[in-house]
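Have a look at this one before I ask anything.
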Amino acid sequence: MPEITVNMAEGRTDEQKAGMMRDITKALVTHLGVDAEAVVIQINEAPLAHKMKGGQTFVERKAALAKK
Amino acid sequence: MPEITVNMAEGRTDEQKAGMMRDITKALVTHLGVDAEAVVIQINEAPLAHKMKGGQTFVERKAALAKK
Amino acid sequence: MPEITVNMAEGRTDEQKAGMMRDITKALVTHLGVDAEAVVIQINEAPLAHKMKGGQTFVERKAALAKK
Amino acid sequence: MPEITVNMAEGRTDEQKAGMMRDITKALVTHLGVDAEAVVIQINEAPLAHKMKGGQTFVERKAALAKK
Amino acid sequence: MPEITVNMAEGRTDEQKAGMMRDITKALVTHLGVDAEAVVIQINEAPLAHKMKGGQTFVERKAALAKK
Amino acid sequence: MPEITVNMAEGRTDEQKAGMMRDITKALVTHLGVDAEAVVIQINEAPLAHKMKGGQTFVERKAALAKK
């Protein structure tokens, strides 16, 4: 406790994810005064077809970006 | 904001999922008055063995339906 | 099944929330072919101080909007 | 309703998961007085690289345990 | 780890909730072989107006039940 | 995107929560290369009676700590 869930689309490296989770751990230790051992983080990663923003799936958003 | 998470079992097509997410986006734009761009939806999809209803996994429920 | 969770900041009326949830239900019935009775939706509502976007809490965002 | 989400790292057998979900179902039927059919459980399973505790990913924790 | 989230409508006593969480803890200890200390459970409770099943809010479902 | 949910027990100040969320935002901007504006965080806070660790509610854990 506390437990953090990160919902994100696939496509980052394990290094990026580990770095992000380490800094989130630090944020909780610093501001809440909890032990690092009490901080649990899980990334729930979704394929691009399982995520939508602005009415477009991330497959469509990626394709739109590639055209620019 | 707002953020929507859909927990569901595997087995639908990408077209079904995209259509569902588009209509959820519209529901939020219509009723909350937010921009579509502010609406983020993620499907957290589970294998049939990772989901249970009524004390039966979705593997067992599918097998029971097939027998009928 | 499926189960939908909506994370959002406080401030909407019950009518807005009910209308949104009814249309989300329809989106699942239409696109996934499930019975409405199988669709469960929960809103997890947060006070403005418990939500952040762009590095600002929703308290700060509201104050910034009021100044414009 | 109610809906239970279990966030856990990969590595358990389907038998372990099914047994766990059956007993969680019983816990809700016993204490809340709901029908088993109303209880829905989903496991959101993460690869070891997508989970961190105590500032270490579960990949690092597993490696540390193996050295002992 | 693992972390369990229970989404449910308001209306149960603290005794019911504590009993349910104790039995969920046992379910994980028994089937996954983890220490009880590693099991964290949180109930995210919603007012009746923030939950819908079958296209009806729990306010409407309660009123319908009361009429029967 | 990404969306972060923090499940925690009540008892922290708004300053602690805002500081924590600001540093989580920075963690994502630094490691994932996203705009701060794309990072949304919500705290789902639970009363002490709605959270359990090690088979004890946070009400019981607090009482046990007070006796030491």
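Each chain gets a letter, A, B, C, D, E and F, in the order it is written, and its residues are counted from 1.
Basically, a residue touches a chain if its C-beta (ideal position, glycine included) is under 8 Å from a C-beta of that chain, and two chains touch if they have at least 3 such contacts.
Note that the structure is a prediction, hence the values are computed from the model and not measured.
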Common touching chains of subunit F and subunit B: A, C
Each chain counted as touching subunit C and subunit E at once: D, F
Selected pair, greater C-beta contact count between A-D and C-D: A-D
Chain of greatest Cα-centre distance to subunit E: A
Centroid-based (C-alpha) most distant chain relative to subunit D: C
Length of the line joining the C-alpha centres of subunit E and subunit F, rounded to whole Å: 20
Subunit B, residues touching no fewer than two other chains: 1, 3, 5, 7, 17, 26, 40, 42, 44, 51, 53
Chain-to-chain touches, reported pairwise for every pair that qualifies: A-B, A-D, A-E, A-F, B-C, B-D, B-F, C-D, C-E, C-F, D-E, E-F
Touch list for subunit A against partner subunit F, complex: 1-9, 12, 16-17, 19-20, 23-24, 26-28, 30-32, 51, 53, 58
For the subunit B and subunit A complex, residues of the former touching the latter: 3, 5, 14, 17-18, 21-22, 25-26, 35-37, 39-45
Interface residues, subunit D side, partner subunit C - complex: 1, 3, 40, 42
Residue ranges of subunit A touching subunit B (in the complex, touch as defined): 7, 44, 46, 49-55, 57, 59
